[in-house]
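Questions regarding the structure given below will be posed in turn.
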Amino acid sequence: MQNNNKQFSGNWAIVLGGSSGFGLAAVEKLARHGMNIAVLYRETAAAERALKENLSQLSDVNETVIQPYNINALDNAARAKFIEDFGANKKNTVKLLLHSIARGNLKPLVKEGDKEPLTQEDIQLTTYAMATSLLDWTKDILAADLFHADGRIIGLTSEGSDKYWEGYAAVSIAKASLESLTTYMAVELSKYGLKTNLIQAGITATPSLKRIPDSERLIQHAMARNPSGRITKPEDVANVIYLLCTYEAAWINGTVIHVDGGEHCR
Amino acid sequence: MQNNNKQFSGNWAIVLGGSSGFGLAAVEKLARHGMNIAVLYRETAAAERALKENLSQLSDVNETVIQPYNINALDNAARAKFIEDFGANKKNTVKLLLHSIARGNLKPLVKEGDKEPLTQEDIQLTTYAMATSLLDWTKDILAADLFHADGRIIGLTSEGSDKYWEGYAAVSIAKASLESLTTYMAVELSKYGLKTNLIQAGITATPSLKRIPDSERLIQHAMARNPSGRITKPEDVANVIYLLCTYEAAWINGTVIHVDGGEHCR
Amino acid sequence: MQNNNKQFSGNWAIVLGGSSGFGLAAVEKLARHGMNIAVLYRETAAAERALKENLSQLSDVNETVIQPYNINALDNAARAKFIEDFGANKKNTVKLLLHSIARGNLKPLVKEGDKEPLTQEDIQLTTYAMATSLLDWTKDILAADLFHADGRIIGLTSEGSDKYWEGYAAVSIAKASLESLTTYMAVELSKYGLKTNLIQAGITATPSLKRIPDSERLIQHAMARNPSGRITKPEDVANVIYLLCTYEAAWINGTVIHVDGGEHCR
Amino acid sequence: MQNNNKQFSGNWAIVLGGSSGFGLAAVEKLARHGMNIAVLYRETAAAERALKENLSQLSDVNETVIQPYNINALDNAARAKFIEDFGANKKNTVKLLLHSIARGNLKPLVKEGDKEPLTQEDIQLTTYAMATSLLDWTKDILAADLFHADGRIIGLTSEGSDKYWEGYAAVSIAKASLESLTTYMAVELSKYGLKTNLIQAGITATPSLKRIPDSERLIQHAMARNPSGRITKPEDVANVIYLLCTYEAAWINGTVIHVDGGEHCR
C-alpha cells in the first residue's frame, strides 16, 4: 500500500550529488513526504535546464521547497558559501545530510601496458570526493547549528569496499574509509542527536557505475546472481533512505544496510 | 512525528514468542498500524490472564484482531494444529512471520568444577528453538499458501553469534545457524515474494537476557559503551520490525540489521 | 626451499577424516616433520587396502608411526573405544586434533519439484558430522589427558558458511556452527594450552566438494576468479595445517585463516 | 621445539619502521633464519647508536647482513635514493617488504572543548604514513625488479579499523584503507609472485600504542579479556611474520590474520 505520510514537512534535506542516480531518486521520494530539499550537483547548462524543470515539478506536486545548487561540493569555499546562503534561517531543520558523490579514479595499482597506475593524488582525491568530504560537510552544518535534534547522515558504500573489482582500487579505498568514518561519526556525533549510517546498494546501472571498466560484467553477474530476479534500481535505495529518516529508525546508528534484494548472499 | 499509517489493515502477523520482550513490543507496534496478529507463547495461567487482557485492549484500541495461542511453537503437532485452525481462511494474508523464541542452554563447553558441560542434545534443542524451528514454520505456512505476495520473515540474532559471552556457547551456535539459514532462505524463498532478515539488537534487559550468567556484566558494559547513552529497549527493535514490513523495505533481503544506537561500534 | 624440520618427533596427531582430501594431505605433510598420526576414516575394504599401503610407506620413509583406524568417528561408542585403545600410553602427546569430516545433506530448504526438502534430522546430522562432533572429540581427549601442553585443534570451514551455494543449506548451517564453536573453544579451552582455529580453503576439487550439485560451476568460477591462476590443492591447506602446529603459531587462536591464493578477494 | 631453519639465506627483507615494536621484533626473528635485512627508521642520534649496536650484534650472531637506514620512508626522494643505493645488486632477492610505520594523528572528528578536530590534511598524512605509502614502496621495488619470485608483502592492521577507539579516527581510516589496498594488491600483484597479507595484532604495549589517548584503558581491557592470560608481545607477531615468509604460506594471499591469543573473540 502506498504510504502518504507527510511527516517531514518543515524539515530539510541536503543532498550532495542530487542530479542523478541514488541522489535524485532520494529527492523524489523525500519530496513526496513533505521534505524540503537543497539539491547540490555539477551539471552542464543543458543538463541543468532539464533537471531544474524536473525539480520544479516535484516541488509543485508535493508542495515542498526544492532549491537547486550547481556548485562543487568538494570545494571549501563553495561549501562555506552554501552554508552561509542556505543556512541563514534554517537552524535545527536539517533532518538529513545525504552524501551521494561519485567521482573516482579507475586505474590499476601498478603500470599495466600503457595504462598509467594510480598515484597518491588519485587516491586522495577519490577518498575526499567519496568519503571524507562528508566530514567537512558535517562539521560545518553542525557548527552552523543547522541539524535537527534527531538528524540523519547517510552515505553510500558498495560491495567493492572489500571485494576486488577491476579498476576499482581507489574507490574501494574510499569506500573502506567511508565505512570507518561512519563508525566514528556514529559514536562521536550521537551526542548531537545525529545517526550516521551507510547503505550498500546492489549493483545499480547508475551513470557512475557505468564508468567502471568492469561495469558491464558486474551488471551481467548481478542479474544472474540476484535472487530477486532483477538488479537494484535507484528507487529501491531511495525507499530505504526514506525509512532511515523516520523516527522509527532512530535507534539505527553506525550500520551498513544492504539494499539489494539479497544479491550479497551469493 | 508520530506515524499513524494503518497500512497493514487486513494483513496478519504470526509472532512466535509474543508474550514478552521483542515479540510483545512488536505486537504493540504492529497493531497500531492495523495488523491483525496471532500471538504464540508459553505462559502459566496467571501470566496468561494479564497478557490476554493486555492483548484484548490493544485489539480494541487499534481495531485489529489479536488471537492469543498458548501453545508450544517447537512441537510439530502443535504447529500443524495451529496452521489448520488459524489458516482456514487466511490465504495470502500473512505479511509477517516473526521468530522471537528464546530458549537455550547456558552451560560451559567442558566440565568446570561442578558445572555440567553442554551435551549434543543441549546444542540441538537450543539450535532448534532459536534457529531452525523457523524453517519448519516457514515450510508449513508456505505449504498452506498463507503468505502474502510480499511477505516478511524476521528473526533476532545477537552480537553473541560471533563473540564470546560466558555460558552462551549453545545460543551462539544457534544464532550462527540462524544467520546462515537466513542467507539461504533469502535466496531460495525470494521466488515466493518472501524477504528474510534478522535484527541484531543491542543488549536489552529482556527476561531471556537475564538468564545468561554474564547478563549483569553485559548490561553494565553496554551502558558504558553505548554511544547513545542508554541500552536498547524492546520498542526500538519493534520499530524496525515495523519498518521492515513496509513496502519501502521490499528490497532488503538476507541482511542483519543492527538496532542498538551504535553499541556495536565499540 | 624445502623445510626438513622434524620438530614433531614424539608428538601425535589425530586426524578425523584422513583417507582423502585435506585430511590425507595433512597426514603426508605432518609425517614429513616427524609427527606420529592416528588416521581415522570410513572406507570399503578395497579402498582401505590401497590407503593402508600408502600410509605404511609414509611411515617407513619418515620414520614415524601411522595408525589407521577404520571407524565411525561420529559414533559415541567407537570414539570411546578409540580413546581407550589409542590413549593407553599417550598422555600429553596429542599435538593436533584435526577435524576433516565431510558428510552432509544437499537438499533444498523447501520442496522443489520432486526434490525432497531438508528435514530437521538432516540438519542435525550434518551439523554433528561437520561441526559439533569436534566438541565431543575434544572433551574426551581432554578428559583422558592426552593433549600436549601446547596443543592445536584445527577444523575446516568454507566460503559457503555465509554465502549461498545451491544445495548447501545444511552444510552452511554446519559450517556457521563450527565457526561459532571455534570462537567458544578458543576462549574456554585456552586454559588447557589449546589453540583452536579454522582454515577456510578455496574451492578444492576434493571428493566431498564433488558431491555438491553446484560443484562444477563452483570449480569453473573459482578458476576464473582465483588471482593466483589455479584452484586450491589439498597440499596448500596441509601446508598451513603444518604451520599452525609450529610453536611460532602459538599466539594464533580463534581465527579463520583463508588459504586460497586470494580467491576470496573477489 | 626451537626451529633453526636458515631457509632465508641470501634473501632480503626491507623493514619499514624497524627500530622498535613489531618491526624490530621481526628483524630479530628473521635474522635468526638467515634473512639479510634493510632496516629503515627515524631516530635521534642517541637512540640510533643503541639500535645500531643491537643490529650489529644480531648480524654477527646470525651471520646475516643487516643494513640500517635512518631515512624518512614517507619521502619520495628518500625512497628513490634508497632503491638506487640498496637495489644496485639485489635483483630478485627481496623476499619480504614489511610495512610497520606508525605515525598518526589522534584528534576528535569535531571540535571538543579546546581539542582541535581532525583536518583533511591530518587524515591524508595518517593514511599515507600507515597505509598507502605501502603502494609507493611496492611500485618502486617492483619497477627495480628487486622482488623475489615468491615474495611477501606484509602490513599491520588493528581492531580499531572497524571498532571505535577514542581519538583513533584518522588511524582507523588509515587501517581500513590498508585493508582495502591489501585486497587489491593481493589480486593485481599475484602475477608477479607477490602475496600480500596483513596481521591484526592484539593490543600490544608498543611505543605507538602508547600515544593513543585511550591506550591505558585498551591495555587493561585487553588483559582482562585475552583468554590466553596476557597481552600480545611483539615477538608473537614477529613469529607469524616469519611463518608468512615460509614456502608453506605461499597460498595465503589477501588475508587478515589475527595474532592475539584469541583476544578478538570477545
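General remarks:
Letters A, B, C and D mark the chains as written, and numbering starts fresh at 1 in each.
Here is the rule we go by: contacts are C-beta pairs under 8 Å (C-beta built on N, C-alpha and C of every residue); 3 or more make two chains touch, one makes a residue touch a chain.
Remember, it's a predicted structure, so these values are computed and weren't measured experimentally.
For the copy pair chain A and chain B, the superposing rotation over Cα atoms measures out at 180 degrees to the nearest 5. Comparing the contact residues of chain C and chain D by number shows a mostly shared set, over half of all numbers used being common to the two copies. One of A-C, C-D or A-B repeats the interface of B-D: more than half of the contact pairs, counted by residue number, are shared by A-C. Between the CA-based centres of chain C and chain D the separation comes to 32 Å, rounded to the whole angstrom. Between the CA-based centres of chain A and chain D the separation comes to 35 Å, rounded to the whole angstrom. Contacts with at least two other chains are made by residues 163-164, 183-184, 186-188, 227, 265-266 of chain C.
In the complex of the two chains, the chain C residues touching chain D come out as 1-3, 5, 7, 183-184, 186-188, 190-191, 195, 227-229, 232, 236-237, 239-240, 242-243, 246-255, 257-262, 264-266.
For chain C in complex with chain A, the residues that touch the partner chain are 163-165, 227, 265-266. Taken in their complex, chain D has these residues touching chain A: 108-111, 117-118, 120, 123-124, 127-128, 131-132, 135-136, 138-139, 142-143, 161-164, 168-169, 172-173, 175-177, 179-181, 183-189.
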